[in-house]
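Order of writing sets the chain letters: A, B, C and D. Residues in each chain are counted from 1.
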Amino acid sequence: MVEMEKQVLTPVNENKPQKATNFKWRNIFRGDNRALWTILALIIILLVDRMVSPTFFTVRMINGRLTGSLINTLDGAAPIMLLSIGMTLVIATKGVDLSVGAVMAICAAVSAVLINRHEAGSDNILYYPGFVIAIAILVGALCGLWNGVLVALFDIQPIIATLILMVAGRGIAQMITDGQSPTYTDETLAFMGQGTILGMPFPVYVAAIALVVVYLLVRRTALGLLIESVGINAKASHYTGVNATVIKLFVYIISGICAAIAGLIVAGENTYADPHTAGMWSELDAIVAVVIGGTLLSGGRFSLVLSAMGALIIQSLRIGLYISDLHPNANLVVKAIVILLVLLLQSKEFKQAVGRLFKPVLKLRAVFK
Amino acid sequence: MSTNEQPALLEVRGLTKTFTATPALSEVDFTLYPGEVHAVLGENGAGKSTLIKVITGVYKRDAGTIRLNGKLIEPRSPGHAQELGISAVYQEINLIPTLSVAENLYVGRQPRFLGMVSMQLMNKKARKLLKTFNIDIDVTRDLSSYSIAIQQIVAIVRGVDLSAKILILDEPTSSLDRHEVETLFSVIRSLEEHGIGILLITHFLDQVYEISDRITVLRNGRKVGEHLTKELPRAKLISEMLGREFTETLGKRSNQITNGDSKHDTFLDIKGFAKRGMIEPFDLEIKKGEIVGLAGLLGSGRTEMGHLVFGINRSEKGEAFVESKKVKISSPRKAIRYGFGLCPEDRKVEGLIADLTIRENIILALQAKLGWYRHIPYKRQEQYADEMIEALHIVTTDAEKPVRELSGGNQQKVILARWLVSNPELLILDEPTRGIDIGAHAEIINIIKRLAKEGKALMVISSELAEVVDYSDRVVVLRDRKKLTELTGDEISEDAIMQAIAEK
Amino acid sequence: MKLVKFCLLLALMVTFVGAVNVKAQDGGEGLTIGFSQIGSESAWRTSFTDAVKAEAEARGINLLFSDAQQQQENQIAAMRAWIAQGDVDAIILAPVVESGWDDVLQEAQDAGIPVVIVDRNVDSDPSLYVTRVSSDFVHEGRLAAAWLVQATSGQCNIVELQGTVGSAAANDRMAGFNEVIALFPGMQIIASETGDFVRAQGKQVMESFLSSEDPANICAVWAHNDDMAIGAIEAIKEAGLVPGTDILVVSVDAIPDIFDSLDTGEANATVELSPFMGGPAFDAVVATLNGEELPKWIPVAGKLYTNRADYDADHQ
Amino acid sequence: MKSRFFPLLVTFLVFSAIYAYCYYHFSSFGSMRVVCNLLRDNAHLGIAAIGMTFVIISGGIDLSVGSVIAFTGVFCALMITREGMDPYLVFAIVLGMGTIFGAVMGVFIYYFKIPAFIATLSGMFLARGMAYVLTTESIRITHPLYIRVSKLVYIFPDKGRFTFAAGAFLAVLVIGIYLAHFTRFGRNVYAIGGNDTAALMMGVPVGRTTIMVYTLSSFLATFAGIVLSLSKRSGDSTITVGAEMDIIAAVVIGGTLLTGGVGYVIGTFIGVLLPGVIRTYLTLEGSLSPWWIKIVVGGLLFGFIAMQKLLSARPKLFSFKRQVRPTTVSTA
């Protein structure tokens, strides 16, 4: 008993550098068996895609660039994946960020307008490509900060706080480009969307790096834990000394930065910024990706990897519809049905209802045993 | 008054309800006669709440029958139970803060004029109804703009007015003052005369003896006795409730330090803290290694005192000194920085992060204190968790289980462990032993004593007087949101505390 | 037989080349004219808006501009606001969709305000508006098809990037194009999907075409506008093919960006959708205010261009 | 003046101020023409917004309304023009479909605990997708009934046209106010928005009410689609894209709290008209860029939310810390 007291009551030296070991797979696939449904849904959709197009999994190297539907899926999923990374953190704190699509448009507009000045011969160092990218990301962070301030400091419901920027943001993007859709030729910015490294499209790297960086940021520090605790029980977290204000500011800023990078990619793909359509409805795609990834809209446990898979599900669904003979107009219907199916499979209440339906059958089986 | 010859109004037989393997009620019988007040008593976790939730259709029972006036009934929902004539007023005020008082009285049964809900008519009726209870308030204002006492009365008036055959009152008086209690009791007596059966759940034994005709005692989900109130001595009642002889718990207090001991420095000194509507100004001094018990009835201001000290609510005036240095306790985070910790009264809502694992719950306070960037390595986290699981005898298969899957006592230990790991100087414990089994109860009291021996300052809020007397070096007695007195050393006894509370 | 068809096609193209370019004229000074534009969803649309604004300024017309952001409801509301205010002399409407204009046109007529429809069509009774100044989408489709038939000698597997589903531009261009290629059994559309007139979507759809079809089997991409064609060019390049050579690219609009691609040979042909509809529209307004009778359709024809020099020569 | 009315009062004052400013610049704002135009041009949004008000008061959200409006228009046009069905029969069918659609969303939300946001988002995709599948053409409706309805106009002396759509809008407004304030259903909606567990305990049929709220919202959206189809005499699957966000903004500007339990149908009425007034001003001004409407609506949203926040945070206006107000006792 005396020994125990010592252990319990002596403070431990926290700063002792310790190697972070004990890596656990369950830390990646959080969210109980929801992971199973998400992975299953992705596999099924990929298999369906394969059935529709026999060459779906075929990857060829052409002119130093990998091509094939699978690569296209990854490439196209990159912006949604980026958004869903930020969105996952926001949703984990019981929030939501409706403004990411508008933020994409704003940042794309900022980058295009600034780089146009560089291309017009301005010597201002701020218009150099590297600075332009940095400024666009900074603008995204500021947009996130604005949302974060409304949510964390003013305690405004996230859905409505971010609705403000969702509504006004697209207007701001149009104002920045003066209603135009500016085109540019800068290769650095174009590389954001079109470049390849070792044959793989650059956006895929960006999304993957963002995933790893944010994963390390939240799981190798205490952020992930604190985010989850705020999302699960804000009051108890407050009483335990968790600084919810800082946590919320942080997640909205991350979401803003992710949206800014996604905006740069989308603009870079076509070397122009369209403030009207860039990122249109992508907030909804990102939210769906997160939800399919098993993070509850009511906050709490989250998994960045599963959210990224959710983004892949959405994109492979879209690509599948492109290559299928299905009428293009059926896109939305199929999307709605898939979302509902995944959600129903995740719903405990639905499973119980189905269970009740099959109860007589099970009973019957028990009788015959 | 009631007699056993009368046909029963409500007959419950063999009621059983199980939650995830632990039975909350097993084989409970209960009979309510018309025109009687039948008190259901028991400690926290005895199954009182479950009983009324089954009767009102909130929970589905696993087994047993319920008869109303001899007829079998199947209450499906509170609404359905209401239709059958059973209405309940719960201890958490289940009203709608954004609606007016009048609307709260008539939700679901608004008076209609020419087929339309008529606000005028409703307000008029509401005013008249409240008049009968000697309450004169603006019924058109939002409920949330009134004090909790008024809200509680509105809830009771609503229940009474539902022309119920059976009225269930769950802790109706916990936040009422004496005058309001009198008002309520006079209503209850008039209801008795109309042949309405009243099922009363309360913590206040005096009130039980004042108003009830019959008592059923529950313990651990089982019925342990049913008596006419006038035939049941208090000592027997308490021993039935606690499941042990009354005298057993009245052991001598194990005094550790004497007041004014110079070895023990003052840790926290509070002068004149107060917050309107929560607690009147009070002074409080806690020394290192001292256990200060806060005694008083539910709603006496003991929890509020803890909240003010911990910065959950900011004190409107007064000042605080930690080790003679003046400090501003403006938030729990600040308080934690000064070395405070708080185990809250409502574990589920204020303490646990239910979906996190035991390990994560245990290290949370320490991690929050360190800041997000100074991550506690997983190995260290596991070490902490395993140490705590062993030290506090937390019953679990491993530290990676979500904490919500633990029993109440083990959850309490997890919260305690959380603070022990973060090593605070002052620990405020609000009802640390509520709703937990006897074994865990004793362990937690041992831990409290040991912490004091280690030199921690402790502030323990408890409604179990015997327990307070047992470990406290000093007892602060509260009533009606006011600090009455402090008892020290040999002055401390249950009688003295009761007397202090009862004194005019 | 084949020869007959070729001749037919050539004749078709020649008639259109003749009908190019209505030059800017004077007239209309001091008028107040409301212009309800669909939005600014594409580069072509913004240059259209700018052309109308410039024309108005040159003529001294007070132009009230309203951008409907793709919503018909906004256009109707804007027209009603002008009618109610009563200081506009005429209204120019670029309708977002074809139907649903009867009431508001009737109201304008009742208020004595002439309405000139530009760009797209409306299905209302022609008596409700003065005239329609627009290009012929069907012919644009025909022109593109005719060029492709010539370029490939009538043997080509085509992938099609459709415009926004349901838009007149998409429907008509598709119809015109299909009408022509139907004459040539060697020409067929092997895949078709909507790219919503947007670059990013055009690229994505093209990517999926390139992976779902054998790229060697694709001879040409036919895009309903230049933006999607530019997206498709990116996709073709990324697939390691040479746009304009391995896969021919033909589209409609003639926005500045497509000429960059024509310069490098990455695009092959574009049919001009003339953005210079302001001049004829203002002329029509002036004419009708002077009591002149006008034909119900004033076509503004575009020509097919395969290089920048021709275009510049035509737009001096 | 009770504090509950304060947001409504501010909404009304802001509307009056903006309207007065517009009138100062453009005299036509004083005519019945502009007033009637505001009513008829915003009728479909307004009708759907009244349904949305109930949803938001109940503490939910419905993202599907814009798509439902579009689907209804397309369905009506297709059935009447292409299939030659009787319009009344078509209306009955489409209203039935809308009602079932809303009820199914309600069931998903209440029984399967799928968050309203996601459930109605799926509904939005589904309804829009179905509209696209039906047809992507813009179809004209020339049925005699439609012509007759278009002649149902009261013309004011200054030629303001009070049309069927305007009438339908006002009628739905009156019915909405009646439903919200004078029926048990309406009061139950307020109750579950205020505190749904308490409402359940008080015997409010929470499940039924929740499902009915979404049913009502879809029903009204369908009705809005019919009204729009009648006034435009056409059906088109690309209309009202993103209208749900405009509608939600209108409801919030109208003083309804997104947290549920508080709100007024009449506030929504003003909230719908306000962007209409601004749009009219921009149109008449003729040189302001179109993006200002978005920025101004966003600014208004922010202003109203900030005001509501300040009001509810009284008396400590500038304390940003979460106030733990003892509104309910929880000692369980």
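Basically, a contact is a pair of C-beta atoms (placed from the backbone, for glycine too) under 8 Å apart; a residue touches a chain by one contact, two chains touch by 3 or more.
Remember, predicted model here, so these are calculated numbers, not experimental data.
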Checklist entry - Which chain has its C-alpha centroid at the greatest distance from the C-alpha centroid of chain B? => result C
Checklist outcome for this item: Chain-centre distance (mean CA atoms) for chain A and chain C, in whole Å, is 37
Checklist entry - What is the distance in Å between the mean C-alpha positions of chain B and chain C? => result 74
Item to check | Inter-centroid spacing, chain D versus chain A (mean Cα positions, whole Å) | outcome: 30
Checklist entry - For chain A and chain B, what's the span in angstrom between their mean Cα positions? => result 43
Next on the checklist: Show the residues in chain C shared as contacts by 2 or more other chains, in ascending order.
Outcome noted: 39-40, 67, 165
Checklist entry - If you look at chain A, which of its residues touch at least two other chains? => result 174, 179, 235, 238, 329
Item to check | Residues of chain B engaged with two or more neighbouring chains | outcome: 312, 349
Checklist entry - Got a list of which chains touch which? => result A-B, A-C, A-D, B-D, C-D
Next on the checklist: Taking the touch rule as given, give the residues of chain B at its contact with chain A in the complex, in rising order.
Outcome noted: 310, 312, 332-333, 336, 342, 344, 349-356, 360, 364-380, 382, 384, 387-388, 390-391, 400, 418, 420, 423, 450-451, 454
Checklist entry - Given the complex with chain D, which residues does chain C contribute to the contact? => result 34, 39-40, 62-74, 76-78, 80-86, 96-100, 102-103, 107, 110-111, 123, 164-166, 171
Checklist outcome for this item: Within the complex, chain D is touched by chain A residues 96, 153-157, 159-161, 163-172, 174-175, 178-179, 235, 238, 284, 287-288, 291, 297-298, 327, 329-337, 339-340, 343-344, 347-350, 353
Checklist entry - For chain C, which residues are in contact with chain A within the complex? => result 39-43, 46, 67, 162, 165, 193-194, 196, 198-200, 203-205, 207-212, 230-231, 234, 238-241, 257
Checklist outcome for this item: Seen from chain A, its contact residues with chain C in the complex are 52-53, 55-56, 58, 62-63, 65, 67-69, 72, 75-76, 174, 179-181, 183, 194, 196, 201, 266, 269-270, 272, 274, 276-278, 318-319, 322-323, 328-329
